[in-house]
Amino acid sequence: MKKGKKVISLVLSCALVVSMFTGCGSKKNNNNNTAEKTTTEATTEAKEDAADTATTETSGEKTKLRWAVWDIAATTYYQPLIDAYVAKNPNVEIEMVDLGSQDYMTALATQLAGNDTNLDVVCVKDIPGYTNLVSKNVLEPVDTTNLDLTQYGGITDQIKINDQIYALPFRSDFWVLFYNKDIFDAAGVDYPTNDMTFEQYDELARKVTKTDLGSEVYGAHYHTWRSAVQLFGILDGKNSIIGGNYDFLKSYYEMVLNEQKDGVCQDYATLKTSSLHYSGAFAQGNVAMMNMGSWFIPTLIEKIKSGEYTDIKNWGIVKYPHAEGVEPGSTLATITSLAVTSASKNKEVATDFMNFVCGAEGADVIAATGTFPAIKTDSVVSAIASMEGFPTDAESAEALKTANTYLEMPVSDKSAEIETILNDGHDYIMTETMTIDEGIAYMNEEVGKILK
Amino acid sequence: MVKTSQKSRINKVILYVVLIAITVLMLIPFIWMLSASLKYDKDVFTVPIKWIPENPKWDNYKVIWTKIPLLRFVLNTSKITLIVTALQLLTSSFAAYAFAKLEFKSKNALFLGYIATIAVPWQVYMVPQFIMMRSFGLNDTHLAIICLQAFSAFGVFMMRQFYQGIPDSLCEAARIDGMSEYKIYRKIMLPLSKPALSTLTIFTFVATWNDFLGPSIYLTTQNKKTLQIGLRMFIGQYSSEYGLIMAASVISLIPVLIVFLCLQKYFVEGVAATGIKG
Amino acid sequence: MTFDTRTNIMPIFGRILEIREGGGRPILAYDNMNNKELSVTDAKEKQEKLNALDAKMKQLQQRLMTEFNVWGLDSKKDKDKIKEKDKLLKEMKKTQKAIEKIKTGKLLSRDGKRNLVAYSFIAPNFIGFAVFTLVPVVCAFLLAFMSWDGNNPIQFVGLDNFKHLADDTRFIAALKNTVVYSVATVPFTLIAALGLAILLNKKIKGRAIFRAIGFFPYVASLIAVAAVWNNIFSPGAGIVNVLLTNLGVAKQNLPGWAADSQWAMFTVVSFSVWKSMGYYMVIYLAGLQGISAELYEAASLDGANAWQKFKNVTWPQLKPTTFFVIIMLTINCFKVYDQVYMLTQGGPGTSTLVLVYHIYQTAFVTSTDYGYASAISMVLFALVLFVTIIQFRGEKNYAND
């Protein structure tokens, strides 16, 4: 009797498991089909979908989109974007689903697992996450026939996978050099310029440094991210961060480690263990120059206005320093993009919303909040440069114009794996666990294994 | 006599010195939280620590209630925590009695099965579990969190261990008197296991109250979210409002401490206090 | 032992059926155990079955008496023989059960009833547990032999995932770190928790407050706890390094603690001990209440000092609690993730990379291979199971004492 029961329960649970798995599998197959359909017969399907929306329109029912985002409370442009879209399309309703910033990509992957989700539009936070989602086949390929991709300044080419893009960028930040004018004034040194080589930058940092105990002034500040140091090396356009050979990093690590040794910048180990945020470091007023993304601009403006940042009221930005012979304005780009899920039941409307947010109209809405949209037209740049609280000098406005932008992490199916190795290598070198040569050898070897 | 009393006094002094040293070490994080909760974000992580903020930002304690729907989150969390704790206490102490005091078929196998699941990290079965729950229609419901938390192997395991400390002879005597097993559980085991039940209450309460990953995966609608998700809302992609996080953390600590202080008094009554011979 | 079994068996040698004569021929069989009338054919069948069983039982009895000299067996020398004897005894028990079943005619034996009662105790928890935890865990087990990213069709890959483990350098580093971490953390936490519990079980003023404070680092926000620890051990201006400098340690010899591959693990371990000792203290406090005051009185009468009381009363009486604490501690140590993450992010490099962090990265960050992540967790699982079974053995020995 009891044995029977045991067997039955075992069989039952196994059946559950199997049905679950096959359920996922079979649904997946359907999805693969639809994915193929959309790529090959995109036009016919679009027509069908259009017909669908037409019927919903006549019946007066609202189409409800669910949009996965992070940090609703801290992000100023979500609601204006929705308002602007709904004003144009009154029969669409958009609900934001906040999955939190820290574990956003994990939460998103879980929500999309098993190809059954109630999310229609999703934000894609980073490139490795984008690659993962594409390999899972959960993102709808973007139909680019009616889109002007040139507006994105080449970024869309960098996110192509098998000649197809699966998301459109709506936000694109780039790295600049922030500096504290007061420190330069006090030291009687000229401000940094939009055209500096790394040697000039290093020299400038050393000039304003003071190592007096208790009242130190740091000429430079590097946040603990590997991007803050390693990516100096790719700005000449000759080297790739996923290429597998990292010998080109040596001179940059030498520069930063020497600065660290001479007290020009704060010690990496102390920064890392104290979890000091770069904004906190810069806001203390004893950092002369800091390389950071343009997302820091609205934060700075806002916090100075609110009276929190009292020690850096006179700040400015200049273009990233560059290697000898490279055009100034070459910098790193970080994009945030939007995608439609392949499991969405309202793909037509969702795509329309995505095109709106990532298009010129959306760009204006985003720029109005002080954030850099992916489409950087002259009007967008001047809108941000003329914001209240933005530095008034001409150099700072000029610094917003970029020449060549390189993604912090290029698209590759190995990019996430390579990223962990590069992080480890950066950590080893900066904590001086390994010498620069050892650290670079470590990265060469481990990344080589991944690329093999 | 004089000598021994002197000696015991010295012992007492040493005892209190040790206690105070431990107290200081244990209290530092809390003091840090308090101090950070009154600071601007830029001042939270400076080295060395400034324990007393120059101009305390009391505003943090006001802002947290308006910037996010904190009250709603507190209510949601309280609801989930109370239900989970009640279910957990009831079902685990019940099941643990069988594992500790009854002989039955495949007892050891079942028990090992229970413990074995504790050993599997949640991150591994999170996705299958989510797909299963969604197929039950439980995605984005509080019921999902309750179901996940209420039937933990941990509770059964812990209660079993405490029941094992209670002498078998007590149960045997009751059985000879003709008591049913249910009655033995209710009349003998439950009253004797107050310290263990208090412990389980505290642990379940703390675990559910502080649970973050589970709710963050299952609860996506804003007004269903919990306190811990709320805390993380102050952590942004590029900047985090640590002052607000710490203010909200201090608030969220209060119920936990109340529960602890209320229940710790049961750590003095046990078999020893009821005077039953082992 | 054997004697008991025999006396148990004895009463079954008897007839339960009597055939009543009606006018010289049997018309009715009467089952006098169950007060029930039976048809003759049924009765005969039953009787035959019973006879057969009785015969078997006798035979088994005979074997037991002749083949196994119950008194003369040495537990060490005659291991095989004892095993055989146990087998025989088991069979006897089974036969006895069968006989009882026919005799009483009841569907459930006494054992069955006992089982049912026990299952009724377990059911409310077990059903919820099985549905919401066990089934997904079984899924995870199966996934270890599959390749799955959560969306694309599942593929069966056999042992490939496990083969892949051998040349995954990050996995090997993580495994090593996890074992080192656990081996260091478990004993220290145990001792600290027990010491704290004994200390706070004394009748002292403000005991409730002290207990709550001991529990503090466990419930305080992890961000706060990690920040404090990293500040104390800050390589630049932390209290510890300032102290070391005053003690005459040269600046270049100062440890970098969490940012120093030599000391990072030490920092993490000491942090963990400090953070979780309050948690296990609570368990021990509850356990201490179960010890009868009389045992201490008796020990006092024998003139035992504090250490002897601890050794002879407290420690043995706390065995079930310690068993629980060790297993939970071990499991929690093997599963450590967020403490390490907050303190060192696994660094420098891979110096404090732990298994669950690696599992998480494999499943969600660097790749999306839930199958491989499951395979890694199977290694974790095997480790924990190994420790648990050893502990279990220990507990059983204790129970037999």
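Just so it is clear, A, B and C label the chains in written order, and each chain counts residues from 1 on its own.
What we mean here is this: contacts are C-beta pairs under 8 Å (C-beta built on N, C-alpha and C of every residue); 3 or more make two chains touch, one makes a residue touch a chain.
From a predicted model like this one, the values you see are computed outputs, not experimental measurements.
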Dominant interface by contact count, named by its two chains: B-C
Chain at the geometric heart of the assembly (C-alpha centres): B
Chain centre separation in whole Å, for chain B relative to chain A (CA means): 37
Gap in Å, rounded to a whole number, between the CA centres of chain C and chain A: 46
Cα-centroid distance, chain B relative to chain C, in whole angstrom: 21
In chain A, residues with contacts to at least two other chains: 2, 16, 20, 24, 109-110, 113-114, 270, 274-275
Overlap residues in chain B, where contacts from two or more other chains coincide: 44-45, 47, 105, 126-128, 132
Per-residue multi-chain contacts in chain C, two or more chains: 115, 134-135, 139, 150, 227, 231, 234, 236-237, 360, 364
Chain A residues within the chain C interface of the complex: 1-2, 9, 13-14, 16-17, 20-21, 24-25, 28-29, 31, 105-106, 109-110, 112-115, 128, 132, 135-138, 267-270, 272-275, 416-417, 419-420, 424-425, 427-428, 431, 433-434, 442, 446, 449
Residues of chain C defined as touching chain B within the complex: 111, 114-115, 117-119, 121-122, 124-129, 131-137, 139-140, 143, 150, 196, 199, 201-202, 204, 208, 210-221, 223-225, 227-228, 231-232, 234, 236-237, 274, 278-279, 282-283, 285-295, 317, 320-321, 323-324, 327-328, 331, 334-335, 337, 356, 359-360, 363-364, 370, 373-374, 377, 380-381, 384-385, 388-389, 392
Residues of chain A defined as touching chain B within the complex: 2, 6, 16, 20, 23-24, 70-75, 97-103, 107, 109-111, 113-114, 116, 125, 270, 274-277, 279-280, 283-284, 293, 295-296, 299, 303, 308-309
Chain A-facing residues of chain B, complex: 40-47, 67-68, 105-106, 126-128, 130-132, 134-135, 213, 216-217, 220-222, 229, 232-241
List of chain C residues in touch with chain A within their complex: 112, 115, 130, 134-135, 138-139, 142, 149-154, 169-170, 226-227, 230-231, 233-237, 256-261, 345, 347-351, 360-361, 364-368
